[in-house]
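In this document, chain identifiers A, B, C and D correspond to the written order of the chains, with residue numbering beginning at 1 in each.
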Amino acid sequence: MDAKKTLVMGVIGADVHAVGNQILNYAFREAGFNVINLGVMVSQEEYIEAAIESAADAILVSSLYGHGELDCQGFRDKCDEAGLKGILLYVGGNIVVGKQPFEEVEKRFKAMGFDRVFGPGTTPEEGIAALKKDLYGA
Amino acid sequence: MQLQNKKWTEEAFLAERQNVLASWPTGKGVDLDEAIEYQRGIAPEKRFQSKLDNAVKREVTLIQPRAGVPLIEAHIELLRYLENEGEADLLPTTIDAYTRLNRYEDAEHGIKESMASGKAMLNGFPAVNHGVEGCRMVTSSVASPVQVRHGTPDARLLAEITLAGGFTSFEGGGISYNIPYAKNVPMEHTLLTWQYVDRLTGYYEEKGISINREPFGPLTGTLVPPCVSNSIAIIEALVAAEQGVRSVTVGYGQCGNLVQDVAAIRALEQQTKEYLDRFGYKDCNVSTVLHQWMGGFPQDEAKAFAVICWGSAAAALAKATKVIVKTPHEAMGVPTKEANAAGLRATKQIISMLADQKMVEDTVLAAEIDIIKRETRCILEKTLELGNGDIAVGTVRAFEAGVIDVPFAPSRINAGKIMPARDDQGAVRFLDTGMLPFTEDIKAFHREKIAERAKNEGREVSFQMSIDDIYAISKSCLVGRPKK
Amino acid sequence: MQLQNKKWTEEAFLAERQNVLASWPTGKGVDLDEAIEYQRGIAPEKRFQSKLDNAVKREVTLIQPRAGVPLIEAHIELLRYLENEGEADLLPTTIDAYTRLNRYEDAEHGIKESMASGKAMLNGFPAVNHGVEGCRMVTSSVASPVQVRHGTPDARLLAEITLAGGFTSFEGGGISYNIPYAKNVPMEHTLLTWQYVDRLTGYYEEKGISINREPFGPLTGTLVPPCVSNSIAIIEALVAAEQGVRSVTVGYGQCGNLVQDVAAIRALEQQTKEYLDRFGYKDCNVSTVLHQWMGGFPQDEAKAFAVICWGSAAAALAKATKVIVKTPHEAMGVPTKEANAAGLRATKQIISMLADQKMVEDTVLAAEIDIIKRETRCILEKTLELGNGDIAVGTVRAFEAGVIDVPFAPSRINAGKIMPARDDQGAVRFLDTGMLPFTEDIKAFHREKIAERAKNEGREVSFQMSIDDIYAISKSCLVGRPKK
Amino acid sequence: MDAKKTLVMGVIGADVHAVGNQILNYAFREAGFNVINLGVMVSQEEYIEAAIESAADAILVSSLYGHGELDCQGFRDKCDEAGLKGILLYVGGNIVVGKQPFEEVEKRFKAMGFDRVFGPGTTPEEGIAALKKDLYGA
């Protein structure tokens, strides 16, 4: 593996679900990543600022409370505008309102510019495996 | 205003009211005298307080869902469905996440979008925006009492509008709607805003209108040790009673070990009364609520039913006054009304089958009640000491000192030094007691309990245990055992 | 052959075999020596006895569905589904109603009709017609041990074929597969046919092949007082052990009151061992099974899940070795495989969450165990007395005398003089003890329990109570209270 | 009400479900009917014989175990042949295999000549009410 990669992570919008965030933070560190964890209630701007400041390799957005689809709109464009063109963008959690077929949800979020979309019940290991693949090609 | 645990003078309260009501146009719709007369017209069977008091007397457990959608008609339809198809005894109105943050503009936008698209674009009912009349349409359209359930650090305007709107119970408190629901709101601030809510409730009470208040028991819903949530519930009960509240429902989120859950509810009821008595609030009516498992749920609906039923059994055997019900969709998203009603019916079946059964305080249960009470007493006495006898002031300092500490909370004003984990029987214990003011024997008790588990699992005591426990129920277990 | 509780000689057994195997063409397919070698090839993890013994040792509860369809491929698919999607630990093969009555011609017709129509035209798997090879296809296609479950008064040929076919457990007994399943079959007859089944099992055992036997605990499934079913289970265990059976699973159908259910399982386990010991069968392995509520179910699936979960909780807290699982379709009809798997998953969730929890024998539980044991002892000792020390002979006379009596049974050889009803806590007691040989203090105990309920309900003690109790669970309650 | 009406009842085929039968028997007697209860495992012939012998006004067939549709086939014709033309014929219980829409089941059994069809969970009161209507016009 190459040098330590840097991740910016947090829970977007007015969302206060903190448990998954704290566990992911711990798991990503344990897995050898450099993690900037912004905690809960993070705005798009805060992610982007932190990513620029830390020269991050990826932004990991969590949304649990149901407003994820609203909160994530335009995120990729904002990244592009801020000079983060092509930065790896993940989103995960209970990202829509209600129980919906995951395939459709995934499609919508991919169309919004997210590289990977993770549904309810995703384990930290799955996230780590994807990051290793996308960041180290492993 | 300087925080202290002292009933606000009527002048101070009425002065503050002007600011509160001015914070959004619908505030003007509240006429307190008219509201009191309106509330006086609500029949006893549609009032939380009388339905709860009656349940306490008969030792039965009532069932209540969570539910809220943005538009009035749809919300009424939803509540009626839960009452008729779900056999709910008590109804909720869950408030959307924007209103919880006083972002009424955003809520207004959400209402318009919901109307335009015909879909729910908010995750709850924006009661402030709908105003007094909108609320009255809701509360007068159903047969059961309706409560406001939310998670709002500053719920003053929400309380004004909903109480005038015919709701007869209001959830929340200065601690329980801050620490799990906010990132950076000072404790003084929420204790003050919630004193306002309690003072308003007390004002109704003075006029003969009993409004029920319910501290939010489960907090972060994730491995919260009973002494932590019980301490907070008791503090919020004391603070509310000081402002004149006379009907309090103290709450607890199921942990999963039956003996511990029953013990927690019994200890909570007994100690709430004990502390209320001690501080002279002898005419305050106390009831209890058990929340079915508040942490991560299994995705499979059959398994989710099992979690729901186990919570119902705990509530019934503990003789909690009411139980807050989850749905088979819990792990996936906001439930459909059908899923919500299914959770209610499963709960009703368990509650009814167990109505005549009760756990007797034999040695094991008695010992568990005893340990919870001793822990809770440590926290409360230290908090009082920190406040020089003032529980509100003490609370602010207790959070600073980590004397009260909630696990996995998003709030930065929470110390976050304790770490819970389950023992070998699945009871929630402390892996790390942080700065909790426990006696040495209590600390030793927890060390031994966790060590016993570690030994049986053949691993070292570590944070990994807590992590495994967080996932356990969603993976079918209570204790997160290491993989073989 | 004259009935007595004495191991059949090998000659008598082998002579009888010829008649049994000649009763239907597939009987010719059984070669006992070859069958024993075939069974010897079945790995321990696919054998009931070893999986059960292991569960007993680890104090865990295994889960098992009921299921059976007429055609081999479809049946294999069903069992695999229940194993994979239902997480079943143990598998069943439920036999169709024609085979149960030895109507193999009708079963053959049912198989043909099922093939032709592509629909299941029988309510189970006709194992006799499918023969040894058909059975081996089933038992070798799944990863878990498979048991024969039925309700057959004369199951001799069924046993021959299925044991040769690789099944490692066989349900039933001379009493439990007569009284609830037949109208007019003499007790001598079924005791003899089941001695044959036990002798066959014992024959395998002598050759080092342990086959598990399971008396059918729930009987009519409807308000059967624990002492009645426990007495019958113990008798069948004794009779089986005499013929050489060394792995017995004694069963009990959940009554619904947690304390009584846990007490019943504990009493059953303890007394089965006690009686086996007393009569010298010291090397017989005993395990227990709790059947989730066997009476009428609620039609609503959410409520059915609740009944399922409450049964699971009773099994887990009692530490029954296994639990037989109902489905959310129970009240409606034979379940789809999806409904069956859903019942299993709900059960698994409860069992796993409660794996580390156990009810402690504090005073209340101990008292309940004590009363069940005393009642059971009355019945068993009187039965032994009637048989002059021979439990098989005594059983025939005990049924004639009403000393053993099963409520609501279809069989005319059952006295039908007892009447059960629930007490005020929902435990099943006796409204009428009929001819049961109880001591005066036991009779008084029941009278008082029922009187206490009648008083609380403000009505006279009457049969209406029993009727109300029969409907209660399907109407959400445990105790059938009078309408207000 | 007129003179006591006579009912013949029982559980058809190889079915041993006895509980509902015992309760219906009790309830019909309490309601003032003259009841000939044949118990469980009753053949079509047995119902018909009993009905002729007792000059019954109705035959009430129960089936719980799933083979009801097979067991009931041709019952009306047999009644007609035996001289019981027009006798009131009810069937109730879990009369088919599996969970099926009741409307369809009812249609099939009515086509088979049953005057009334009762689904799972029928209370004795419902049965009694129907009998009173059909036999006394009340």
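The rule is simple: a contact is a pair of C-beta atoms (placed from the backbone, for glycine too) under 8 Å apart; a residue touches a chain by one contact, two chains touch by 3 or more.
Just so you know, these numbers come straight off a predicted model, no measurement behind them.
S.K.: Just to check the components: without chain B, which chains are still in contact with one another, directly or through others?
M.R.: Apart from chain B, the chains cluster as A | C, D.
S.K.: Compute the distance, rounded to whole Å, between the mean C-alpha positions of chain B and chain D.
M.R.: Each chain's C-alpha centroid was found; their separation is 54 Å.
S.K.: What's the distance between the Cα centroids of chain A and chain B, rounded to whole Å?
M.R.: About 30 Å separates the centre of chain A from that of chain B.
S.K.: Once you find the CA centre of chain A and the CA centre of chain C, what distance in Å lies between them?
M.R.: The mean C-alpha positions of chain A and chain C differ by 54 Å.
S.K.: What positions in chain C touch 2 or more of the other chains?
M.R.: none
S.K.: Indicate which of the five shapes (line, ring, star, complete, other) describes how the chains touch one another.
M.R.: The chain contacts form an open line.
S.K.: If I apply the definition of touch given earlier, which pairs of chains qualify?
M.R.: Final set of chain pairs in contact is A-B, B-C, C-D.
S.K.: Which residues of chain C touch chain B once you look at their complex with the stated criterion?
M.R.: Going by the criterion above, the answer is residues 256-259, 298, 300-303, 305-307, 309-310, 312-313, 317, 341-350, 352-358, 360, 362-364, 424-426, 473, 476-479.
S.K.: Okay, in this complex, where on chain A does chain B touch?
M.R.: So the residues of chain A in touch with chain B come to 14-19, 22-23, 26, 39-41, 65-67, 70, 94, 96-100, 120-121, 123.
S.K.: Touching residues of chain C toward chain D in the complex: what are they?
M.R.: Interface residues on chain C, with respect to chain D: 97-98, 100-101, 103, 120-121, 123, 151, 180-183, 220, 222, 295-296, 299, 329, 331-336, 339, 408-410, 463, 467, 470-471, 474.
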